[in-house]
Structure formats: structure tokens, C-alpha cells
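Each of the two complexes below includes subunit A, the first together with subunit B, the second together with subunit C.
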Partner chain A sequence: MFPYRGYAGKWLYVDLTAGKVEVREYDPELAQGYLGGNGFGTRLLWEHVGPEVDALAPESLLIFATGPLCGTLVPNAGRVEVIAKSPLTGIYGDANAGGFFGPELKFAGWDAIVVRGRSPSPVYLAVQDDRVELRDAGVLWGHTTSETEAAIRRAWDDPQVKTATIGPAGENGVRFASIQMTPQRSAGRCGMGTVMGSKGLKAVAVRGRGPIYVADLARFHELAVELHLRLRANPVFPAVSAYGTPGIVSLMDPLGRFPTKNFQMGSFPEVDKINAEALQNRALVRHLSCFGCPIGCDKLYSLPDGPYAGTSLRSVEYETLNAMGANVWSADLDAILAANRLCDDMGLDTISAGRAIGFAMELWEKEILNLDETGGLALRWGDVDVLLRLLGMIARREGFGNLLAEGMRQAAQVIGRGAEQYAMHVKGMEIAAQDGRAQKSMGLAHATSNRGADHLKAFPVIDETGYPDEARRRYGEECLPEMAQPLAIKHKPFLVKDGEDFGAVVDSVGVCKSGGTFVLAEIYWPDIAAAVEAATGMDMPVKRLKRIGERIYNLQRCYNAVHGITRADDRLPRRFTEEPSPSGNAAGQIVELEPMLEEYYQLREWDPETGWPTAEKLRQLGLEDAIERLDL
Partner chain B sequence: MSRHMIAVKVRYHNILRKVAGRTEESIVLPVGASLHNALEHVGDRHGPRLRHMLFAPEGNVASYLVIFRNRTLVPHDQAHAPLADGDELMFFPAISGG
Partner chain C sequence: MYLEIQAQKCTGCRICENFCSFHHEGVIWPQRSRVTILAQGDNGPFVPNVCRQCEDAPCALACPVGAITLHEPTEAWVVDVEECVGCGACVEACPFDAIFLDGERGGSLKCDLCRGEPECAAMCPTGAIREVV
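And then the complex of A and B:
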């Protein structure tokens, strides 16, 4: 009998080579040491997918994992984590999605699904409470994510079925393919859809009707209500609720933090044509939300007329408005929405896809690429026909799209002739829509993140625009004013380390980083500790929770270390460290990476030479097996 | 413009735009007026809901307000520095997350 509430207490092991599904008991020690979600997947990856296993080999694992708060009453508890070795970076990979898939999996009675092997023919996994089986997906293969979801819903005659599907990009091995989850939420980064496609798994469909029990219902209910009320009282709540992440477009621009023309600039002269107000005036249908979310940053949009009339989609995010807009020098809002919908349908990460095209456009500008190499496509800035055409070519791996489908790092190496200096990636992952020159903590976060360039691991919102009240509340008066100043480097290594550890926990319990933990900066360590304690019945003082976050993050670093990652990989493209920003509040700024890295390693108690955790640190965290594996 | 007055352009963003009921406006202030004075001016003009979003209860500039003067971020402790004729101010709620 599994001793903790909040969990289903069991998970599914799916061997696609053998065509078998097994029920596995959740290990209580795994729950104590890693909570679930991100931690659960990290531990399994560490134990079972070593450097000898290619990310797309049958022996690789694809892990869908929820956490003990997922599906419960605490705010925004609708997140599910997908973990695998990344085919884009070759190191630790994960992606996280909102919507309703995660809670539905819990309602069906499962904490996680671990997929291994490769099916000889396309299949999908059908989970209807405790009835679980692999079904033929031959007729679904080749179809878009939305077509696949609709077909399964029709076949089940159940509007409440929740799916995780890949599109043609995942089937075709595009290295940044996404998994789309009901309703149009993306587990976008690191190529998790590529891993799914390599296994011949077209979809996972789930319907659950069971309860989730918590250990102390009265206390848990009290906490959940308190957190909901605090979120609603947060002064920034109305702004986030009204506009979602597109609401920051206009603000990032004068900060010089809105990447434009492949990070050549940090401001876009036509930003008013692609900001939240323009988006809502043009296409807003209604406000929506994910499971259990009082904020409702999600929206439904539809284009009423024009060349892409009828294009309808949810979840148009800041990232996509940038990647498909300013990044490629386009203020064509309709084309951005069309590109977004195309990526969702094809199962492409909008960030990596948009960045790859922006990179190619800069190579065209610099005359490094020519018509012979692009198959006759002139990659001019702002040409949205080229943008849309290239997205389709990437998804189908056609012509020049086939090269970009390998990811920016690999494409740059193949092209050569100096292309590498324009490839804006870290550890092989394309940099999202932040310019570290305009927010120094983000520069460090991009460099250190365990999954490659990434804003969401450390997610240092405190100094993004300046949250002095939260900085004071979280870190004390002595950290001000620098902690809340985007251009200061003082205290930022601590901000990044704390965010990485807290983020690892947030992604392990199953709540949303945009739902109060990072965005709004309302929910913090003590709140999650109290909720985990009330939900699970574990004794969870804040100190212990922090240790779990550190353990997860350190183990991911160890995973990368055995894959050859060292301090030399904690780098940024030269553009950020040597070319002063020309834009807005960041004009004249570079990222002073080295001094921040030095302090970061000290705070982490990592070896500053290798960038690896020390034996003493790993011993403190109970990671003795990593000491042995790293030969420390 | 009288030599005793300055004209300042104010641009509202996000939820502030909805509350102010406009995207932008030009306001006229006495020479020597500060950013704090500009905030008081528009707070008085557009009602208590906007004023509540611009100022903390004790009268300081609300910590959740992000202000740019001529596209440069203004620390709140510089809210009493004088503005110049032709300045452009931008007001945002302190949203983050991308």
C-alpha cells in the first residue's frame, strides 16, 4: 500500500517493442526524494538512459509524469511534465504543458506513463481508468495533431477524452517536435515529440473518472482557498488575466529585451502591431483557462477575414509573437497566428522553429546562404510567405527545411563559413524571447539551464521589470535595490540558483510557473511545502523541500556531466557577451557572464573548473551513486 | 507652449489603458514638475481606480508600476526629478513572464 496521499500510487510501464503494458507500484522513497513529475523523470532517466543510448533509440525512455498536487484544488494544478533525453541537445530534456491532460491522467488512477521501445507499426495508448491498451494508429499517422485529437474523440464518442499527440514533425524526426495536449497546449521544447515519433507512438488518450485523495482535507482546502484569494488580490493579477503572456510584448520592447532580427536588436519599431492590444482587437473570441486556474491567461483567437481567414487557435503566447514576428522582422499579426496554428498542427516548437528561420534569414542577410542552398528561396527579413513555407518544409523535412529540422546548432555546423556565430543557442537549444543584455539574470539563466538555453528553469521574474516588494519579501531588505534591477548583476547568481531549485520543485508537484509561483511571484517555498504536506501527509518543512529541489537540479547536472557537459558549455553566443545591445533601456549593455558564473558555482558548491557538483555536495544530497558514476 | 509650462506625452499600456480609457494623451504641467506630479495629474483626471493603480496607499508610486521616461526605465526613487518639455512617459503594470 502506497503510504502517501495526493498520488495515485502507481504508474504505467509501456514496452512498445513487445506491445505490452505493465502496472508498476510507485516507490515511496522516490516520492520522498523527488516528489514526482520532473524529479520522477530525472531519476528514471539517470538510472536507465545512459550516454550509450541515443535519444531516438528504442532503449530511450519517454516519461509523462504528474506530481502530487496535479489535479487537486490548489491553483493552477494542471501541469504535466514530459522527460526524455533530448534529440535536439543530446542531454537532459524536458517539456511541460498545461491544459487538462495531467489531471485526467491522475483521475484515471495513474501518476505517470513511462514508454520504452519502438512499435513495429504506429499505435496509440488508450487509458480509460484502469483499462489500458495499445491500439492501432495506422489511420492516424500522417495527420495533424488537431485531426488526431478529433478522430480519437469521435472514435471514443467522448468529448471529455484528453490527448497528447504528435503531428507530422514528430513522425518525421524533426529534432524540435512538440507534443500537443488537450486543448492545444504544447509540451514544446527539447524535441519530446521527436522521441514520441521515434517510438511509433502517435498519441496517448486518457479518460479518468476517479478521485484524488489528500491526507488532510480540511487543511488542504483551507490552503487552496487562501492561495486562490491571494492570487486574486495580487496587484498584477488583472493584467495577467486580461492579456496573458502577450501582455508583456509592449513592456519588453522599451526594456530592449524583445529579440528582433535574430537578437541583432532588442526592440522592434512596429511592436504596436503585434502586441496584446493589437492581438485582442484583431482576433479575440473569448477568455479561457487551464485546469483549476483563476487567472485564465489562455484565450481563444480567430481571424475573421484576410488571407488566413478562419484560422482559429488557443494559447497565442509572448514567445510565438516574438519568434514569428519581431525575430523575423514581421509585423504581420495574421501571419503570426497562421504560423502558430501551423506549428501546433504539425507539432513543432514555435520557439525553436521561429529561431531557426530567423537564424537562416540573418545568414541570407550576411550572404552566407545563397539560392542554390535554400532551394530557390530568398530568405528576406519579413517575408511571411517564406516563413510559412519554411515551417511546412521543416515539418516535412523537405529541401532546405530538412537542414533546419536538425536544429540551429547542427544546421550552422553543416553550413559552416562562419554561420556558427549567428546561431543563437546554448547547448544546442535555441534561445527563447529574452535578451540577457537587458536582464542580466536571464543571461546567466540561459547559460546554466540544464536543458540548454531556457528562460523557464530559473525564470528570474523578480528583476524582469522590477518586483521590489517580492524581492524584499523573498530575499530580505539587504538584497535591494540591485535584486530588482534588470541591469544589475549583484545577487543575480543567487536569484538564478534559487529559481532553478524552486522551479524543479514546481515542475515536480504539478503546478504552473505562470500561475503564481513565478509570474505574479505570489506562491513560494513555504506555500508549496504546506500544500505538499497537507496533500501527501509527508513531513515537509521548507528546508527539506529546498533540499529536494537542489537534489533534482544537481542530478540533472550530473546527467549532463556524464554526457560530456562541462563549464565550457555554460556559455552564451558572442552576440550577448561582446556586442553591446543597441536597444532601449539596455543600450550599451552586454552580459557580464564570467563573474556571475563564478559566484553561481560557489553558491551551488560546484567545482568551478569542471562546472560539476563536488563529491561533498552530492553526498549532502544523498546522490552517492552520482559520485561513483562521475568518478569524483 | 508658455515658458512656464511643459507638455509631456503619456502612453498607457495593458490594463492601465483600459482603466484610463485611452492609449495616450498629452498633458501640460508647470515647469519643474516631476514624474510624481505627472502621475498625480493623470490620477486626478481619470479617477480613483487609475489613481489606485498608480500610487501605494501611503502616497508613494505603486511598486507594481513600471515607468519609462524616453524609453529608459525610471527607478521609483527618482520620481521627484523634474521632467522636460517633450518628454514621453510610458506606464505599465509590472507584468513579467516571458
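And then the complex of A and C:
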């Protein structure tokens, strides 16, 4: 009997090669050491998917994992992690989605689903509480994510079914394919949809009608209420609630932090046409929320007229407004929404897809690409017809789209002729709309993140626009003023390390980083520790929780180390370290990466030569098996 | 006391269902929530549906064993689970679909205004469900 509440206490092991589904008991030691979600997936990947396994081989694992707070009363506890070796980067990969899929899985009585093998023909996994089976998905293959979800709901005659589906991009092996989860939320990054497609798994459909138990009812209720009320009183709450992530478009632009033309600039002259006000005036229908979220940063948008009239979608985020807008020198808001909808339907990560096209447009500008190579497409800045056409070509792996579908790093290598210097990626991962020159902590975060360039692992929000009050509360008066200054490098290695460790925990318990933990900077270590304790019944002092975060992050680093990653890979594109930003507050700035990295390794107690955790550090974290595998 | 619904403010977050079920069942169990979000698809519009605490409660009138009675201090109609025989007459009688049969235990479930401190209203972040005294 599983000793902890908050968990369902069991998970599903799906062998697609054999067409079998098995029930597995949740290991209490795994829960104690890794919590769930991100930690659960990291541990399984470490144990079962070594360097000899290609990300898209049948032996590769695809892991959907919730955490002990997912589906509970804690605010914005609706997140689910997807973990697999990334076919885009070849190293540790994960993606995280909000919405309702994760909680539904818990209500069905499952903490996680681990998928291995490859089905001889397309299938989907049907989970109706404790009835679980693989079903034929032949008729669904080739269809968009929204069509697939609708078809399964029709077949089950139940509009409450929650799905995780791939689109044509995942089926066709586009290396940055997403998994779309009810309702139109994306597990976008690292090509998790590509892994799903390689297994012949079109969808996971879940309907759960059971309860989630917690250990200490009175304490858990009191904590949950307190956290809800604190979020609602947070000074940032009204803006995030009203505008969601698009609200930061107007904040980032004057900072020179709004990447334009593939990071050539950090401000976009026509930003007012694609900011939150413009978006809401043009297309807002209503405000929406994910499961259990009092903030409700999500919105439904619909285009009433124009060339894309009738386009209706939710989850239009800051990242997509940039990737499909300023990044490709376009202020055509309608086209951004059309591109967003197309990506969601095709199952494409809007960030990597938009970045790949921005990169190609810069190569066109620099005359590195010609019409022969692009198949007759002139990749002019701001041409939204080309943008939309290319997205479709990427998803179908047609013509020039087939090259971009390999990801920016690979495309640059194939093109050659100096294309690499314009490829804005780290470890093969396209950089999101987060210019490190305008926020130094973000520069470091891109270099150190375990899934390649990434704003969401460390998620250093404190110095993004400057949160001095939150900085003081979290790190003490002595960290000011630098901690809240975007251009200062002092204290930032600590901010990044703390964010990486805390983020690993947040992604392991199943709550949202865009909610109370990072964007509002309201919920922190003591709050999560108390909530985990009350929900699960585990003894969870803050010190122990921090050790878990560190353990997960270090094990991911070890995973990357056995895949050949060293300090030499913790670097940034030349544009960030040598080309001063021309824009806004960041004018004249570069990322001073080396001094920050040096301090970061010290704080992490990693070997500064290799960038690997030391044997002593690993022993401290109870990762003796990693010492052996890294031969330390 | 009654609960006032302003449906246009509902974002479909289901905080009301989660807290309702926790209050009544001690678990998070939307399936057993007394308040239900009715939705036209994932993106709404949404309508929180909950007992209106009618003055001439059809559910109480329909109950053959008198298991639904008025709790004077809160003016909430409350099901006595010991008396309830699970016949479903109240479910048939309710014009608002705001009373349900508990499939497992056989009794009927309805809002009792949490005996005076309705959790759904306290926790609704948008004011879509408000307590009116």
C-alpha cells in the first residue's frame, strides 16, 4: 500500500510494441527522493534511456507525469510534465502543459503514464478510470490535434474527455513537434510530440471520475485558502489576470528585450500593433482559466473579419506574438493568430517553428540562401504568406520546410557558408523571446539550462523588469539593488541556480510557473514544502525540499554529461556575447557569460573544468550511481 | 442567504467544484461537487449551476420521506442523508438540475450553503458566485 496521499499511488506502463498495458505501483522511495512529475521522469530517463538509445528509437521512453499537488486545491495546480530524450537536442528533454489533462489523469487514478516501444499501426491510449486499453487510431492518423480531440469525444459521446494529441508534425517526425492538451494547451518544447509520433501513438484520452485524497485535511485546506488569497492580493495579479503573458510585450520592448529580426534588435518599431491592448481590442472573446487557477491568464480570441476571419483560439502567448511577429518583422496581428492556430493544429512548437523561420529570413537577407535552395520562396522579412506557407511545409516536411523541420542547429550545418553564426540556439534548442543582453540572468539561464536554451528552467523573473520587493523578501536586503537590476550580473548566478532548483520542484509537484511561483513570485520554498507536507503526509522541511530540487537538477545534468555535454556546451550564440544590443535599455550590452558561469559552477559545486557535478556533490545528494556512471 | 450567479464572469477554472467537494467529502472530487460548471465546450461560455434555495422548494415538496428540510439560520434546504432513500423524486422535481443522485451511496446531493459559509463564493476569484445575505 502506497503510504502517501496526494498521489494516486500507481502508474501505467504501456508497451506499444507488445500492445500491452501494465499497472505499476508507485515506489515510495521515488516519491521521497523525487516527488513526481519532472523528478519522476528524470529518474526513469536516467535509469532506462542511455546514450545508446536514439530519442526516436522504440526503446526510448515517453513519460507523462503529474505530481502530488496536481489536481488539488493549491492554486494553479493543473500542470503535467512530459519527459523524454529530446530528438531536437539529443539530450534531456521535457515540456510542461497546463489545462485539464493532468488533473483528469489523477481523477482517473493514475499518477503517470510511461510509454515504451513502437506500435505496428497507429493507436491511441484510452483511459476511463481504471479501464485502460489501446485502441486503433488508423482513422485519426493524419488529422489535426483539434480534429483528433473532437473525434475521440464524439466516439465516446463525452465532451468532458481530456486528450493529449499530436498533429501531422509529430507524425512526420518534425523535431520540434508539440503535444497539444485539452484545452489547446501545448507541451511545446523539446520535440515531445516527435517522440510520441515515432511510437505510433496518436493520442492519450482520459476521463476520470474519482477523488484525490490529501493527508491533513484541515491544514491543507487552510494552506490552500491562504495561497489563493495571497495570489489574489499580489500586486502583479490584476495585470496578469487581465492580459496574461501578452501583457509583457509592452514591458519588454523598451528594455530592448523583445527580439526582433532573429535577435538583430531588441525592440520592434510597430510593437503597439501586436501588444496585449491591440490583441484584446481586435479579438478578445472571454477570459479563461486552467484547472484551479485564480489568475486566469488564458483568453479566448476570435477574428471577426479579414483574411483569416473565423480563426478562433486560446492560449495566445507572449512567445508566439514575438516568434510569429517581431521575430519575422511582422506587425500583422491577424497573421500571428492564424500562425498560432496552424501550429496548434499541426502540433508544432510555436517558438522553435517561428525561430527557425526568422533564422531562414536572416539568411535570405544576408544572401546565404537563394531561390534554388528555398524551392522558389523569397524569404523576405515580414512576408506573412511565406510565414504561413512555411509552417505548413515544415509540418508536412515538404521542400525547404523539410530542412527547417530538423531544427535550427541541424539546418545551419546543412546550409553551411557561415549560417551557423545566425543560428540562435543553445545545445540545439531555439532561443525563446528572451534576449539575455537585456537581462543578464536570462543570458546565463540559456547557457546552463538542462534542456538547451530555455527561459523556463531558471525563470529568473526577479530582475526581468525589476521586482525589488520580491527580491528583498526572497533573498534579503543585502542582495539589492543589483538583484532587481536586469543589466547587473552580481548575484545572478545565485538567482539562476535557485530558480533551476525551485523550478525542478515546481514541475515535480504539478503547479504552474506562470502562476504564483515565478511570474507572481508569491509562492516560494516554504509554501511548497508546507503544501507537500499537508497533502502527502511526508515530513518535508524546506531544507529537504531544496535538496530534492538540487538532486533532480543535478541528475539531469548527469544525464546530459553521459550524453557528452561539458562546460564547452554551456555557451551562447556569438550574437549574445560579442554583438552589442542596439536597442532600448540594453543598448551597448552583451552577456558577460564567463564570469557568471564561473560563479555558477562554484555555487553548484561542480567541476569548473568539465562543468560536471563533483563526486562529493553527488554523494551529498544521494546520487552514488551517477558517480559510478560518470566514472568520477 | 443564497448564491448569486454572474455567469459572464466565470472563466471555467473549477475552483468552486474543487472546494465544494473538499468541504463536503474531504477529498478533491469534482464528480461529487454540489456546484457544477455547465460549459458549452472547453472555451465556454460557462454557467455555474447551484441550488437557488427556492422559497417553495420543489425538491422538498417532492420528497416522499421529508428528508429535505429548511435549515433556518441559513435558509438553506438540506438533505438528511439518514432519511433519504435515494428515490430521485427531488432530482425529477428540481427545475434547475441542481440536485443529483450519488451513484455509489444512493442518496441525493445538493448545496447546503456550507451551513452558512459557502466555500464556492469565498474561493471564486472572479465574483461569478457571490454570497447574498
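We take it that the second predicted complex is superposed on the first by the 632 of 632 C-alpha atoms of A that agree within 3 Å, B and C clash if a C-alpha of one lies under 4 Å from a C-alpha of the other, contacts with A are read in each partner's own complex, and residues count from 1 in each chain.
Please note the rule applied: contacts are C-beta pairs under 8 Å (C-beta built on N, C-alpha and C of every residue); 3 or more make two chains touch, one makes a residue touch a chain.
All values derive from a computational prediction rather than experimental measurement.
Chemist: In the superposed arrangement, which partner chain does A:P183 touch: subunit B (first), subunit C (second), both, or neither?
Modeler: In the superposed model, A:P183 contacts subunit C only, not subunit B.
Chemist: Can A:V214 be said to touch subunit B (first), subunit C (second), both, or neither?
Modeler: A:V214 sits against subunit C, while subunit B stays out of touch.
Chemist: May I ask you to decide whether A:P294 touches subunit B, subunit C, both, or neither, giving the answer as first, second, both or neither?
Modeler: Second partner only.
Chemist: If we overlay the two complexes on their shared chain A, which of subunit B and subunit C does A:M252 touch? Say first, second, both or neither.
Modeler: Touch partner of A:M252: subunit B, not subunit C.
Chemist: Could you say whether A:K617 touches subunit B, subunit C, both of them, or neither, answering first, second, both or neither?
Modeler: Once the two structures are laid over each other on A, A:K617 reaches no partner at all.
Chemist: Once the structures are superposed on A, label A:V240 by its partner contacts, choosing first (subunit B), second (subunit C), both or neither.
Modeler: First partner only, subunit B.
Chemist: Of all the subunit A residues, which ones make contact with subunit B and with subunit C?
Modeler: Correct list for subunit A: none, the interfaces share no residue.
Chemist: Using the touch definition from the top, list the residues of subunit A that touch subunit B in their complex.
Modeler: 235-236, 238-240, 242-243, 245, 247-248, 250-252, 254-255, 276-277, 317-319, 322, 432-434, 455, 459, 461, 464-469, 481, 485-486, 514, 518-519, 521, 584-585
Chemist: Using the touch rule from the top, collect the residues of subunit B that touch subunit A in their complex.
Modeler: The contact residues of subunit B facing subunit A are 13-15, 17-18, 23, 53, 62-64, 66, 68, 71-73, 75-77, 90, 92-98.
Chemist: Quick check on the complex: what are the subunit A residues that touch subunit C?
Modeler: 71-73, 107, 159, 182-184, 209-214, 217, 221, 225, 228, 232, 285-296, 298, 300, 312, 314
Chemist: Okay, in this complex, where on subunit C does subunit A touch?
Modeler: 8, 11-15, 18-19, 21-22, 25-32, 41-45, 122-123, 125-126
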